[in-house]
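Paired with chain B in one complex and with chain C in the other, chain A is shared by the two complexes that follow.
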Partner chain A sequence: MQEFYEGLAEILEIPAQDVHSGLDLTSHTWDSLAIVSTIALCDDCFKVMLSSQDLMKCQTVADIEGLVSLKRAA
Partner chain B sequence: MPQAKIMDISSHLPVHTLSNEELATVFPDWPAEKILEKTGIHCRHIAAPDETAGDLACAAAQALFAKGKVAAEDIDFILLCTQAPDYFLPTTACVLQHRLGIPTHAGALDINLGCSGYVYGLSLANGLIQSGAASKVLLLTADTYSKFIHPMDKSVRTLFGDGATATVIAATEGGAGIGPFIFGTDGAGADHLIVATGACREARSQQSAQALQDASGNWRARDNLFMNGGEVMSFSLTQVPRALDAILRKAGWSIHEVDSVFLHQANKFMLDALRKKMKLPLEKTPVRLADVGNTVSSTIPLTMQPLLDLNALPAGSRHVLIGFGVGYSWAACTITF
Partner chain C sequence: MSFAFDALGQHLWRSHWHLVAHRNELPSHGDFLRLKVLDQEVVVFNDGGDLVAFDNRCPHRGARMFLADHGRQAATCGYHGWTYNRGEFLIPERERFKSCQIDKVDFRRWQTDWAGDFLFVSDRPAQPLVEQLGGVLPLLEDISFGVTGRHDWNAYAFECDWKIALENALEPYHVPLVHPGSLGLLDLQAGHNEFHGRNSVWYAPVGNARVARSLARVSELFALDFQYAGYMSIYIYPFTMISSTHGLSYSLQHFLPSSQAERTHFYSRMLTMPLHSGRDPAVVASFLASTAATNRRVFEEDHEVCKRVPLDTWSPQPPAFASDAEEKLIHFRASCRDVQAAMAHHGTDL
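Moving on, here comes the complex of A and B:
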């Protein structure tokens, strides 16, 4: 999970220690480029391919983690 | 059966360039340094309003002939890969036969493919030569995506540049060769990278020219290029590693026997993600993005050309080429120089 949080921090351009499940993505630059980068990050960290439409609906880091869990369970 | 080899590659880029500094004035939330960091691109070449893909391809072929390894009269087949033809009809490759002074006994056809197009073009050239139907094939790639892009759409305007390349493929009796090839197509991805209007499915109209703003703040009309970057990333991360495995298996090569893997130069973040997933070292994956951007079907030959000119692709060296993108369409091949 640490690698995921560090990657997300890089994407959102914030310090790694500021990334946690409750982090509000929409208060940062959660744009198309961030979503593209997050797709690659989740593939790398969790070996799951998320859809951009699902990611666009995510409000918090916990929402992304939920999508990852759903994909892994599928 | 004769083998085919790449004899030479040339290119032509439009004079006008679009720098990150210029883009940063249009997109203030994207400073020039950030554009470079994310895309790996310093500047893109942009065709003039009256400059077409046919014009760029013509100049690339003239540059090839000027190098002296092959003359126009030697060419007996022209393949032009473009998604921005000069006309609906006639075929731009036919127009180029006349403009370039290529003999009238030459065959000519256009291929409508994007980022996978160079590898598909090589496969057709290879087949023409191996079957004895042609002896010297001129493979041209040319596109002017800038003409499709809305000026306020940073998701594509920061990435794509215009340009053209010319490759001559000839029969050889040495150890050089092109192929095997593997191909892939998934038309379910058609809507994720598209210019929806202007052909026969939907005519351009006042309504289709109406630009709307998307959730990321980018503006585009239905007449413009649309790219769903996330879906294209998912497609690429899924299919490109499989294509590499498949072509290595088909060729009977191990990755350790490959000198370089020429990937379609989509953008830096895509290449970084693919390289990481395929565990390919940077030195094995040549990159040329900084001075040209994503030039669609021209990216692979534009990356190969400076290496060929420097004799950095020596006889006996082994390479894999992988093109992938709009369609979705992908293809890979091996090349031995």
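Moving on, here comes the complex of A and C:
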């Protein structure tokens, strides 16, 4: 999970220690480039491929983690 | 609206090869696209797998065959039902055409040739395509072999002459002021220009570190055999530009002469690139939609500023005050001087 948080920190341009499950994505630069970068990050870290439409609906880091869990369970 | 006799534009349209389509934009029988140039139209049509280019006029009485810019339909004239299909005209009541050589009927066609999977057309080419493209040919081939299709089609009339619109696309000097919230966000660096005959290429690193890092990560989703990891803008003399950031998609633009004064037939398309095997296109759907929207915004911003520049400011001579960021513009004007000198020497009907 640390690798994912560090990657997300780089995408959102915030310190890695500020990334946690409750982090509000919408208060940062959560644009199309960030979303597609997160798709690539999740592929690297968890070997799952999320859709941009699903990620656009995410409000928090926990929402992304939920999507990853759903994909892994499928 | 006044009529403009644009001798240079007419000559360039007639005598040069023009990139009009990628093979994968028109993959199925009946796929077509249409471009307006001067007072003409060019249709590229997939006729049973062959891409043919013609003037969009029914050879019977001249009605337009296609009324939309792109789509898939039979090549049927809505006036009397003449239909072109797999190399032949199907003519209702053919036996009644007794006093003419109906077997010789055909469209007015354009010659076609390929640079990789990019289709070029020309009316009366002054030179073979391979010579016109010169050193830019391998680059176009590399790009073309990756393109999977078209994502966006954007067409409208720029309210300025084509040379004004094109020169704007050839220089990045205006980017910080005209595109602060769009193209300017990339913070493009000075980069370098390459010149290949009358064609040119600008390679510029992306200075925005966050964007550059993100694009590098996103690149991993794509199966790219060719990629420039920065911003690249290719100019294909005389009317065509291709630009891309990191080669994740390509914007194909045309600045075509109009028969109306101070007007340009502007077209832009976004060409898509392949994802790694088995990956759903939905993965990058919002990214492509956002890229297309940003491209459209950039062109609107260009259009707004180009409206300010009247044609009487243009000359084939270099600008009296030119930045080194305007090197490609100066090269374009030198090319136009060469062409105009040849037109004067041989007469305009080269």
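Criterion: the second predicted complex is superposed on the first by the 74 of 74 C-alpha atoms of A that agree within 3 Å, B and C clash if a C-alpha of one lies under 4 Å from a C-alpha of the other, contacts with A are read in each partner's own complex, and residues count from 1 in each chain.
Basically, contacts are C-beta pairs under 8 Å (C-beta built on N, C-alpha and C of every residue); 3 or more make two chains touch, one makes a residue touch a chain.
Keep in mind it's a predicted model, so treat the numbers as computed, not measured.
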Would chain B and chain C fit next to each other on chain A once aligned, or clash? clash
Which of chain B and chain C A:S69 touches, first, second, both or neither: neither
Winner by number of chain A residues touched, once chain B and chain C are compared: C
Kindly classify A:Q59 by the partners it touches after superposition: chain B alone (first), chain C alone (second), both, or neither? neither
Which partner does A:S21 contact after superposing on A: first (chain B), second (chain C), both, neither? neither
Touching A:E10 in the superposition: chain B (first), chain C (second), both, neither? second
Identify the partner contact of A:V36: answer first if only chain B is touched, second if only chain C is, both if each is, neither if none is. both
To test your reading of the overlay: chain C has the stretches 79-87, 151-159 or 313-321, and exactly one clashes with chain B. Name it. 151-159
Of the residues on chain A, which ones does chain B touch that chain C also touches? 29, 31-33, 35-37, 39-40, 43-44, 49-53, 55-56
Touching residues on chain C, where the partner in the complex is chain A: 210-211, 213-215, 217-218, 220-221, 279-280, 282-287, 289-291
Counting only contacts in the complex, chain A reaches chain C at residues 10-11, 13, 29, 31-37, 39-41, 43-44, 49-53, 55-56
Looking at the complex, which residues from chain A come into contact with chain B? 29, 31-33, 35-37, 39-40, 43-44, 49-53, 55-56
Applying the document's contact rule, which stretches of chain B touch chain A when the two form their complex? 29, 38, 155, 214-218, 228-231, 233-234, 237-238, 269, 273, 276-277
